[in-house]
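Here the structure is laid out as structure tokens; the discussion comes afterwards.
Chain naming follows the written order as A, B, C, D and E, and within any one chain the residues start at number 1.
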Amino acid sequence: MILGRVYGSVVSTHKLQSLVGSKFMLVQCIENNKLLDKYLVAVDGVGAGIGEDVIIAQGSSARMGMSDKNAPVDALIVGILDEKQV
Amino acid sequence: MILGRVYGSVVSTHKLQSLVGSKFMLVQCIENNKLLDKYLVAVDGVGAGIGEDVIIAQGSSARMGMSDKNAPVDALIVGILDEKQV
Amino acid sequence: MILGRVYGSVVSTHKLQSLVGSKFMLVQCIENNKLLDKYLVAVDGVGAGIGEDVIIAQGSSARMGMSDKNAPVDALIVGILDEKQV
Amino acid sequence: MILGRVYGSVVSTHKLQSLVGSKFMLVQCIENNKLLDKYLVAVDGVGAGIGEDVIIAQGSSARMGMSDKNAPVDALIVGILDEKQV
Amino acid sequence: MILGRVYGSVVSTHKLQSLVGSKFMLVQCIENNKLLDKYLVAVDGVGAGIGEDVIIAQGSSARMGMSDKNAPVDALIVGILDEKQV
């Protein structure tokens, strides 16, 4: 999994039927407490809000966290970060 | 998922039978509102036109959005971008 | 697989139900005996401790090492490194 | 999918039984009409020749284009490029 | 697939049960006849020795070449390289 910060969302009226109801969040990747110049779009699986740091699963594992395991989704917010213990 | 801008298409007469009927679009990747020097080929799942910004699913999740879930496709345009809310 | 060193963990109270009980470790990647400026979050499958060097499987293969093979997990610590023979 | 140019092949006498009969092509990746300093090995699914530009599917989607969908193959030439329309 | 040179192995006493018996090889990646500053760990599927150049399958396709297709393995040596024809 990777860590990231939610900074927005994208709206798509014209999309595959299997994606209706999914919320697409804009996420900036975080590594070692630093925001990277690396961004992706992840479906929100946990009700994450703008500015929150989240855990993201990618690839087929993202689909496994959806109610429809065959959804064409390759990145899913699976948890909201409380704290890091280093 | 990643964002990208459709800028063309590719024609392949000689291809696997399971790909006949699929339209292959040339896409330039977008991150943080910037066009990147990064390009890929994605099957069009939503009728995207040249110049439109789209959402792309990759890996096995791309196949899940095809009518044939066993199609040898690893990138699919799953939505057309209306707007970003940041 | 890749090698990495465990340097912490992350706490997420609000996460997908299928992830309850999984321990999320912060891992710094290692290649050729050097710690890289590359980090990821992996579920601990073997009881790895802070400071230990581990073997990590990624993608759908990570899920295959979980008791729930449909868990939305894309990185799993599958072994603790004893030694490298070069 | 990605684009690439076939520039050779590799011979492996000692390989997994499930790969006997597969032809392994050396491919140089192409993005935006430029040959990149990036190379991979792809199984030939369409009878591509040296010097031809091809479309390559990666990951599990590559296997889906093989007669044996469980072949340990992660890159497959799925089409020969006729032309690009930009 | 990618090419690489086997330069060592790793020993892990404490690992997932499904990995017992698998040999983990240290591999340095090769592209265009050059050894790269890029390294990974791959399970040996063909009896590769130190110093040999090999073909590696990654992702779920690696598992497909294992006797246990659900093994948590994301990189497998699937062939030993005899020669390259360019």
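As a convention for this text, contacts are C-beta pairs under 8 Å (C-beta built on N, C-alpha and C of every residue); 3 or more make two chains touch, one makes a residue touch a chain.
In this text, all values refer to a predicted model and were calculated from it rather than measured experimentally.
What's the fewest number of moves from chain A to chain E, given that each move must go to a chain touching the current one?
2
Rounding to the nearest 5 degrees, give the angle of the rotation that lays the CA atoms of chain C over those of chain E.
To map chain C onto chain E, rotate by about 70 degrees.
If you average the CA atoms of chain A and of chain C, how far apart do the two points sit, in angstrom?
Centres of chain A and chain C (C-alpha means) sit 19 Å apart.
Measuring from the mean C-alpha position of chain B to the mean C-alpha position of chain E, what distance in angstrom results?
Chain B and chain E have C-alpha centres separated by 31 Å.
Chain E: which residues touch two or more other chains?
In chain E, residues 59-60, 62 touch at least two other chains, as defined above.
So how do the chains connect up here, line, ring, star, complete, or something else (other)?
Topology of touching chains reads as a ring, each chain with two neighbours.
Name the chains in ring order, counting from chain C in the direction that reaches chain E next.
Here the ring, read from chain C toward chain E, comes out as C, E, D, B, A.
Which residues, counting only chain A, touch chain C once they are in their complex?
1-3, 31-32, 45-47, 55, 57-62, 64-65, 69, 76, 78-86
Quick check on the complex: what are the chain C residues that touch chain A?
It comes out as residues 7-16, 18-19, 24, 26, 28, 37-43, 59-60, 62-63, 70-75.
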